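Consider the two complexes below, in which chain A is the common component and chain B and chain C are the respective partners.
Moving on, here comes the complex of A and B:
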């Protein structure tokens, strides 16, 4: 596989459902790793996922996944695994039958299908529940069997729509661990999730979408740096936070200071992060205060979501 | 950033041919159809008329029984009329069974939103519908052409040898009439089921589409004094078609006979509409709520 087609590519893609806008003029190049789709309900996340899984075709533009399009269905669907958002199982099947039928639909021989189904079940740790009907599964088990179905045929692209919904903290941690492992093996993982703080930990990049338009995309820290109209917040743990805050306020890029609840740190907001760190270095060298730790406090997905999309779902 | 080891290995084994993926859909659909006890009950009931007709053939071909029980009653002459009755009985039972099974095959998948998962496999929308069609067609076969031909074979076996050879047209008519009807029922059942998520309503819709236009056609025929109103009347159209297939004289007045071509055009048009309905509804996209 060449480097050029080792990506999911959207070229000026628009999708309309009649007069309803799904997504508009989306241009994306998603390399391997974990990419998180973030946006309010109805923003176009699922449409993007349906487009990259070949379930819907663009009204205009072009989508290719690792250089393949849905026209070459056999090769395309072998590369793509889709874990849908909602319960969407054919009735009366056990988890095992569901996986087996899925693999047979992918064109695996019965022997291979049995082996791969077993492997996928072990990967998601569903255990003996696989022999029970899916109707009897808890929400978390349904998520697991959906995930097993998506990874069972060894795809290179895994599209996961809200894969953490309904999982308890342990299962969520297990799933995140699995996503991380698959990503490190060179897979593409495209995840939409509302549990931003947890997905944040494994995300390599984020795509923010609202109203069918891409608002921002890229490495989360890079995106945060480009949101220049929102002063950046930095947490500094030190022995004299009040003194540090007063000193920082001598330069006019510092716009807000808030003491940490334990009194051993201060949150500072700055409009010029480069100048801020230069001044902080100077203070540290002067020995005025003893600085224990410095960490950005708002360059995570949640903060960027709030800055760029806002709580009402409209771009701010 | 992640460190990419590129150690994830894709499946490199041999793949089965594309048609075998459709077989998976067929197998799943047949299992779904037969999973209900009511379906089994309906199949059992559908065999009762076959049993009665089989007894009729036995009595008609047994000299002693003919003399003692039937007193040479002409009702039990085994001819094209007799097999027309068999065909009509079984075909209308097939309508009932299609009304029960078809919604199970499609409405459930739509109600459960199962299409995105099914269609994110290398099976196309056409493959999905074809699989369901084959499953429904296969389920209706044991009710229609299979018992009809078995009864014909039994009659051929029981009667004197020339009967079988001289009445081969009946066998052809039974086969053609049954296949046409169950193909029409299958596509109609799937199309209507794809538009109605509630199974019971879908069953009602299948019956309504067959019988409501028949009433309207009857009104048109009565008011306008034209035979063309019968083109909305599926029972009349099919009866005329079956009579012609079996070479049985038609019971309706000659001026009410519809041309075979017109009947076939109407059935083809109805099937085309069904295909369009399926094309509009069988989509892989996930419905986004909230």
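Moving on, here comes the complex of A and C:
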């Protein structure tokens, strides 16, 4: 396949490590934007990323990124940057040398390599430490230099395996801001992370994986709608939450109500979203309650993760 | 039809980005040379290369060198090349250098940075091989030249006469050719072994044993041996006695150029298979 396209494509891909299943029969088509891989440890997230970048090869099936495969390394790795989870580096290198060595292998001039290395270091805010040896870096700084190496050559696809690990809250926020910025530039970002609530804010779509199988994928709201066996939770901000809750409970589909901590809203859980909104409209028209805002309260990644995978997604 | 296919093949070969590959290979060699020659782990290789040099220096400084001993010292130098450098020094030096190029990086968990660079894996492998060869040649080649100079420096005018007007220069040329071929030959073998096996050292010991028993093998099997080719290039052959007899290869007589081409062909085959293997190499550090 040589024609350029703008998707990352897995076609019926399986990977076995001996008798151990890595991933099984994965078929995915990932468009540009931010895609989050969500799943417990050992679910196959890193295997998917390694398959994408050729660090492991499929036992069956075919993977392509923008129409290219890793075999065509000259072109493939100009388009792809991969920030792995491996917390290791070539010995005795400073951050600068590490970036320069990496960029020079692209075949660019030393001047261009210096410029891009400097730009990447500025982007991850590691400027001052770059002249020190990587062995002396903290975990967060090592994470940053790996990220700098992955983005330095301006790839179109950025694969990030647990990129927020080891970062303090400020650095996390900076990294998320950087990911959003890169996404706005039209890049593919494929991110795996345990810090779901933070990644969730920038994700366009999620891929939920467990035991090597894809259990759901797509736009987060769409995925939530597909989980029909779990009642959906909605937050309604209004002036009389108790009255609203009692009214809603006259209908059978409403299964749970919980007042918001500030007393100016109520969380309602319903097994029939269509009927729920019909009744809510009716209450609003009747003027019994002044409704200020209505918003789904559990169509974030964490909630979906809990519903589908049965864990809270916190680091283990 | 055949001509058209040939033309298409030639066009395809010429259309490859050779300039880029050459640039990438040069940069990879630079990175590897830095790591091979300027790391504390390299002390062992420096020791293997320069141990005879140190001994010869002591010999030069503390012993007299009457002219009638020149032939004896020439034989000593030939013995150092035949029994030490070829069989032990270059062997273990190359084992250390070449097994680190791929396997060492897997153990240190840094190989993925190379596999994620826009460098064809074949270019990566051949550049690493070139860097390993250059490292080994720099160390063992310079040690060989130093050994040669130290052996004849003590003989004054007689030594100068032997080197510049006698067979000296052709001998050092032959020794250097042997060192070059030994480094390339062992290097190719150990690079492949390090890709096939997690710990290439036991296999290297088998190679050492194979090289020792190779002379008693049928002539077709003798061709699968680095030492058997090098033996034919020695300018002076020292017959082995006692334990050294095990290390002395007695092969069927072969012309020097045939031996050199034979060994280069063996190296080419091993490298071609290594290129095939590296295309299928996977990063699974947890199994290291």
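Throughout what follows, the second predicted complex is superposed on the first by the 307 of 316 C-alpha atoms of A that agree within 3 Å, B and C clash if a C-alpha of one lies under 4 Å from a C-alpha of the other, contacts with A are read in each partner's own complex, and residues count from 1 in each chain.
Going forward, a residue touches a chain if its C-beta (ideal position, glycine included) is under 8 Å from a C-beta of that chain, and two chains touch if they have at least 3 such contacts.
Only a predicted model underlies this, so the values are computations on that prediction, with no experimental measurement involved.
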item	value
Fit-or-clash call for chain B and chain C when the two complexes are aligned on chain A	clash
Which of chain B and chain C A:82 touches, first, second, both or neither	both
First, second, both or neither for A:71, with chain B first and chain C second	second
Touched partner set for A:94, first chain B, second chain C, both or neither	neither
Touching partner for A:102 - first (chain B), second (chain C), both, neither	both
Broader residue contact with chain A after superposition on the shared chain, chain B or chain C	B
Touching partner for A:112 - first (chain B), second (chain C), both, neither	first
First (chain B), second (chain C), both or neither touched by A:183	first
Chain B versus chain C as contact partner of A:50, first or second or both or neither	both
First, second, both or neither for A:161, with chain B first and chain C second	first
Overlap of the chain B and chain C footprints on chain A, listed as residue numbers	50, 53-56, 73-74, 76-78, 80, 82, 84, 86, 88-92, 101-102, 104-107, 149
Interface residues, chain B side, partner chain A - complex	1-11, 13-16, 18, 20-21, 24-25, 28, 31-32, 35, 108-109, 112-124, 283-290
Contacting residues of chain C [partner chain A, same complex]	17, 20, 23-24, 27-28, 31, 35, 39, 105, 108-110, 112-121, 279-280, 282-285
Chain A residues within the chain C interface of the complex	17, 50, 53-57, 71, 73-78, 80, 82, 84, 86, 88-92, 101-102, 104-107, 149
Chain A - residues contacting chain B, complex	32-34, 41-42, 46-47, 50, 53-56, 73-74, 76-80, 82, 84-93, 101-102, 104-109, 112, 116, 146, 149, 153-156, 161, 180, 182-187, 204, 219
